[in-house]
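Chain nomenclature is as follows: A, B, C and D, assigned in order of appearance, with residue numbering initiated at 1 for each chain independently.
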Amino acid sequence: MEFHDPGECPREACGVFGVFGVQDAAPLVYQGLFSLQHRGQEGAGIVTCDGRLLHTVKGMGLVSDVFAARPWSELSGHMGIGHVRYSTTGSARMQNVQPLVVECSDGPWAIAHNGNLTNARRLRRMYGAAGAIFQTGTDSEVLVHLLADPMYRSRPLRVARALNELQGAFSFLLMTRERLMAARDPLGFKPLSIGKLGSGYVFASETCALAQAGAEYLRDVQPGELVVVDKDGMTFSQFAASPAPRHAQCIFEHVYFSRPDSRVFGESVHSIRCQLGLRLAMECPACADIVIPVPDSGNASALGYSRGSGIPLDYGFIRNHYVGRTFIMPDANQRSDSADMKLAVVHDVVKGRRVVVVDDSIIRGTTARRRVAALKRAGAREVHLRIACPPVVHPCFFGIDFPTKAELVAGRRSIGEICRFLGADTLGYLSQDGLLSPFRFPGDYCAACFSGAYPVDVGTVQGKTELECGAAPEPVGAGGVP
Amino acid sequence: MEFHDPGECPREACGVFGVFGVQDAAPLVYQGLFSLQHRGQEGAGIVTCDGRLLHTVKGMGLVSDVFAARPWSELSGHMGIGHVRYSTTGSARMQNVQPLVVECSDGPWAIAHNGNLTNARRLRRMYGAAGAIFQTGTDSEVLVHLLADPMYRSRPLRVARALNELQGAFSFLLMTRERLMAARDPLGFKPLSIGKLGSGYVFASETCALAQAGAEYLRDVQPGELVVVDKDGMTFSQFAASPAPRHAQCIFEHVYFSRPDSRVFGESVHSIRCQLGLRLAMECPACADIVIPVPDSGNASALGYSRGSGIPLDYGFIRNHYVGRTFIMPDANQRSDSADMKLAVVHDVVKGRRVVVVDDSIIRGTTARRRVAALKRAGAREVHLRIACPPVVHPCFFGIDFPTKAELVAGRRSIGEICRFLGADTLGYLSQDGLLSPFRFPGDYCAACFSGAYPVDVGTVQGKTELECGAAPEPVGAGGVP
Amino acid sequence: MEFHDPGECPREACGVFGVFGVQDAAPLVYQGLFSLQHRGQEGAGIVTCDGRLLHTVKGMGLVSDVFAARPWSELSGHMGIGHVRYSTTGSARMQNVQPLVVECSDGPWAIAHNGNLTNARRLRRMYGAAGAIFQTGTDSEVLVHLLADPMYRSRPLRVARALNELQGAFSFLLMTRERLMAARDPLGFKPLSIGKLGSGYVFASETCALAQAGAEYLRDVQPGELVVVDKDGMTFSQFAASPAPRHAQCIFEHVYFSRPDSRVFGESVHSIRCQLGLRLAMECPACADIVIPVPDSGNASALGYSRGSGIPLDYGFIRNHYVGRTFIMPDANQRSDSADMKLAVVHDVVKGRRVVVVDDSIIRGTTARRRVAALKRAGAREVHLRIACPPVVHPCFFGIDFPTKAELVAGRRSIGEICRFLGADTLGYLSQDGLLSPFRFPGDYCAACFSGAYPVDVGTVQGKTELECGAAPEPVGAGGVP
Amino acid sequence: MEFHDPGECPREACGVFGVFGVQDAAPLVYQGLFSLQHRGQEGAGIVTCDGRLLHTVKGMGLVSDVFAARPWSELSGHMGIGHVRYSTTGSARMQNVQPLVVECSDGPWAIAHNGNLTNARRLRRMYGAAGAIFQTGTDSEVLVHLLADPMYRSRPLRVARALNELQGAFSFLLMTRERLMAARDPLGFKPLSIGKLGSGYVFASETCALAQAGAEYLRDVQPGELVVVDKDGMTFSQFAASPAPRHAQCIFEHVYFSRPDSRVFGESVHSIRCQLGLRLAMECPACADIVIPVPDSGNASALGYSRGSGIPLDYGFIRNHYVGRTFIMPDANQRSDSADMKLAVVHDVVKGRRVVVVDDSIIRGTTARRRVAALKRAGAREVHLRIACPPVVHPCFFGIDFPTKAELVAGRRSIGEICRFLGADTLGYLSQDGLLSPFRFPGDYCAACFSGAYPVDVGTVQGKTELECGAAPEPVGAGGVP
């Protein structure tokens, strides 16, 4: 999938990380965010607390850039939370970088949010009418107003009651001067895992960050659960007034977002992807000489495809590790672009061969089209494209900012038309059944972007207006009631 | 005075600038802030509005640094406001840099504030109890909550009513999508002037910024007045429920803060300072060969002293224009410091001479002491220090962050003791009568830092806790009620 | 191999790129250097010529950083050369960044050099005695003095005669106002290839850079050949007074340095590495469940090993693409380091399995040791380490800055001792015969770092004192004769 | 004079500073350069020596910027030299920043040069023909080639003999691993003073830098003198083969370049300037109400004028201290420019008055013209411009890069025409006799830029081709013989 390619980045999944009860929280949060960098490259922030003061460092860019020049001493404290934020196009929006830090009448709160609140607009309007002011354009800010609302003020039940007012997808980390809290929405859209580190506790969007921080994975925060850690230890409760009839875990976490070395929703991401490739080989066979992955997103599914098909794996693309955010395009008139700079074809591998190219997904198709063309230019005899998920055709209301239907390659095209558009000899997508086949509890996943079967009544979701990680549709200063 | 010397900067007066009805507001605001740079070097910000969106650029540091790398195209619009903020020691506080931009239910507001609200803490507590959340540590933020309060919501009377709730010193610029507003507290502590530029209007803390922007000075915003500019023109009103019995214009603006080429409170700053020097010559004569100023703060009063005394003026100190924020001290063990780097003694001028040194004021006295010692080292036969204001001995509750009484050189010393501390042969301060003598309406000034005669009952001011330009005594995250 | 791991970087191979006869040379040189970035990350430079002036931009850091803020208009011209330089530890040495630009009596010269001149010290001493002065600590500078020497001054034969004085390894690009020259030492240590781009010509250390620039690969510059391009076209000549009896192409280019998608010395790097892995499977079999590569250096050889052994390939390590130069270590006391941040173990892949880990080479062994330990921690039942080359035990005098014998893991240890040091269950190295087996002309390679059989009498090489890319053993200012 | 105004900077005088025999040389050199910053703002460098190695830090920009982020530990050693370099227009030329550091066969040399060598081009051609290569475009580099020339190699007589080959203006500081040397050309064009600091010695272009470093002024280096300091102390010698018949000290040092608190060529700069103003009052009286200086260049001469004329001094211009290198102009279409931003008119001072404006000199006249216009706009009734030197009409071959005759306001205009061009009511220049009148030894000065009477036969100076501080007329890469 071409999500990570410059110009094609969707708004991704964001990542959160928190730690309580260690000597120095900041370096651990840093390591955690570093391991979650793939979930968001636009901005990053860390807030720590020493029991008295909250300390904040935030900035635009990669984790390593934001914290490069700052001494850890600026971020003292035994607890802390951090956030990485997706890429957006358009102007920098420093004020939207999380964690959000505010001061209520009972002290400061820091909040890090992964997900999309579908009733944020309504709540925002309600509080605005009552005189509330807003500093960011993010949906996450409404939780703060709920928490500050005198109606809910009898901590910690207050937090549960406030969370209960929210609809949509959320994995939250909250920090006050005394405690760290973690919560996941009742349908469990977004992942959030708990780890143990010495006598302290760690929370992370993915288990790869627990491992990086040296923590032991305990379990996931359950859908609808609020976990509170303070000096007396950890306590658990269900905040949802009524249990959800089913879960709706985002299947795209397994398809694309999560790192292969993570366990997400209780499953190994790498293993799931291998199995998707294996199943793909059965559903969409090809008569070819070699199987090559689109690195790195297609690595595991290509391995599965090779195993399932018996066609040998080879490396037809080489990834240039130096293509980064600072890459400047040499010239608009040059024939190459940064996608071409990123992957180079190994001519000796593909020349004269019939090649199966395996990738995890296709969104717009423009990058896939360049890849196919590059293989043909390098002398590939046939190019058979195999995609380890079904076509993406429906919008997501819970945090993934897919392009519009007109921009989605599969939005208004048949498979045959897509194949011609991409210039491949054949094209095969995994079926919806195939996609769910590797999971032990397929009914607990949301695959609505493929199927259109949303886990909640989306008629009540007022347009795809409030996005992943809380980016409002307009900048601060543009909103306002009609 | 040694205010500007590194390590001795008080929190100064801040500066605000606004413009409405021009082609491109941003470059004009930039020029205006540049001319007000002496009022605050910690941070700067500009917010513009194109009638639809508010655009914000803020940063720590000097005006020229903050906007150095930003194209004006980021700040489009026909109106805009800007703010320069004083120096503080301690960690950078990006979130406190103004203008403050928030979104209320009826749209975005931008606010720039010069002054100190003496009832901010009470209002903050009240709104916090009602569920309000705060993003900054500044007192200025309470105005936003007043404006957003449904109680006051029927613009523009709403603004007048909200301003009427405030106590203390304030010159405000407010901007919405449709209009620019300027207001000055009923006692008129801080300056704020109105200018005309083509068919548009300009507001600035000092008239030097009007001149720089090419605008014509019309008049000052009156104490207690609210001026509103929108596409239909300018309207004026008094927002104060009852008129103030007297005014309380800050005399320190004339003593030190304002630029000599400004007219402040209707008087030429340069002329006032010359007259203070002249009066000082009469009150505190000296038997000496030359009069030298401490550049540049003592230039005008030294000129006046020379004229009044008949003792010839000369330049005994040379100012190094390259001492700036980036100056790094060579070594703690070296005998010199940045104050020594900043002013150099002209040996040939002072050697063997009896020297009268004139400065505008003394705060801590440590720099003055170094200056006297440097003159003696250079061979001055006698050093007679003359100060163009009385000793500063009382705290300011309205925006100037003087050191504590223990740190003020005159806090607990007699004139004789100060003279010995400074190492001068004689020392003379201007009297309080002398200080007020050049003004046409001396009763309209606050000189409480010299006299202790505060213009309002300071028993009601709860400690010197909320400071100039709204810096709360603690960072966000540290506050909260007990 | 752990070359690229922070703290273990050898001084690598450097990369050169040149172009003649295009509209705008600079963007093409930039693209070329970008594709050669893996050959050197310390610094980069581009010099272009518009026929009248030479234009230079050089800097420390990655190609994308050095040229990020510079407009191409600073580098105008239809021809240009560029250079990427290896990492060194210690203080930045801006003056050593190439291309070197000097002015001789007949005009300016720009020089980019890959290799190590073994008689540079002698020539430097000779010219120094005659009054020459030196600006850099690089061996490359002696070529300039030869070129400027009146003895050799009758261009272009002059260049051939000057090159003929040099001993050791060199691939040079030279540029004057009229022409671009490329030369390769008579033994052909370092690669240098020629491409055609429209009506112009391109030279690059590796063919991957030709492909990136859109050029067609023509052939390699031959050992001992001087190629000159000017407005009249390309001319070829042999500069070596006598032909070399054999060639001595650096086998480490195939083992590690070159990018898999390059053809180097006429062979596909990827194919050679696959074959090394295949041979390794035959020479050093293992009884195991899966084969995993150390990404990305071991990818191709692991593929070969899997094919040769029949043991299935899997991905046990995930590479974090965000580990870069700006990575800051969280804390010295933390248990992890940047090598751990870079590769993460996929627990579900290795847990309970017998794992064959394949890498291209081992230098110090410290990183390999961490990898083995990480696999064991993740639950690998057995770890069988297989290395696709023989042990590195001898110094290189021709451009690779291996650590000292004491630091080389194989320097003073038997295979069994190395295996115990690394903590692996078994360890297998490829034999020297095996290493040469995939090549069509094995006699044309230098494998002295493995065998000690140097292609020239190294008794005449005066210590390993002048290094790859010309870094002198001491900084400028420290050298000089005894 | 408008030299320092953006866009009107000439290539100025450069400054050198050196120290031997102190604990840590670098911070002292830093302080010294800081005090000499007015002599050059383009770039700065420091080279120190610990007896074994030379350590170098150089960069473009102000002294405080270049060394802001560098720890002194990078510049260890008990001796060191530094250099500040003038502004040039055009692209940055990092390689021309001094001190120049090279390695000769007998070790490293560092060189800092103030002046212009009139035979550099001939020497450069001679050495180039013999095979020498050049790294910079500066004339200073020829001294290195002379020093390295085997003909002169028997230190320290070698240095004297090499210096004896040079023609033109030079004050040199040279450093090897063992010693520090200072030399001044036989005509003594440029200043160079010696100071004592504890048991060590200090050299500086101006005595203000000695004072800043805490050193005691001993005497000037004599014209034609070579001073050598090493661990055995200081030794003196005359290097000139024959003594100069007269000296030719640059009178522009007193007119403009030097800081008022320096003693230059044995005279107090401030006193000389006061006397020039006094004389100007006698030569060019005016019927006016006030005398105002153009700050800061006209401060001293305005004081003198006021004293001589009896017309009271006042401050009609206020200097904005924040106009610096990073100042960005708001907009090309705006009516103001940075010269207007730099000086603001004090309306209350000049309105309705007849004003005498005194400045030290006029070069192009464009800034003076803006100043006159600004005064008129502010309501000045009459503006009488008085210049404390004669019209500049002749080129300088010894280090000052005046504009061409066509650009000089006095180049092709009569006094009346200049006055009309500037828009002043009257204009008066000091006479040549008046200019020399304050000096005790007027015959020892070069005033050729005013008089055209050059101290040497300038027919032998081959065009004004090699400039102050050694900037060659063309960049490296452009030169070369036809």
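Rule of thumb we're sticking to: contacts are C-beta pairs under 8 Å (C-beta built on N, C-alpha and C of every residue); 3 or more make two chains touch, one makes a residue touch a chain.
Just so it is clear, the structure is predicted and the values come from calculations on it, not from any experiment.
Each step here moves to a touching chain, and the least such steps from subunit B to subunit D number 1.
In this assembly, D is the chain whose CA centroid lies farthest from the centroid of subunit A.
Our note on geometry: subunit B versus subunit C, Cα centroid distance of 61 Å, whole angstroms. Rounded to whole angstrom units, the spacing between the C-alpha centres of subunit A and subunit B is 48.
Looking at subunit C, one finds that none of its residues touch two or more other chains.
Inter-chain contacts, as defined above, occur between A-B, A-C, B-D, C-D. Subunit C makes touch with subunit A in their complex at residues 24, 26-28, 30-31, 34-35, 37-38, 62-65, 67-68, 72, 208, 211-212, 214, 259-261, 263, 268, 270-271, 296, 299-300, 303, 307, 312-315, 318-322, 324, 326-328, 330-331, 334-336, 340-341, 344-349.
Here subunit D touches subunit C in the complex through residues 49, 52-56, 74, 91, 101-108, 110, 125, 128-135, 137, 144-145, 148-151, 474-481, going by the rule given at the top.
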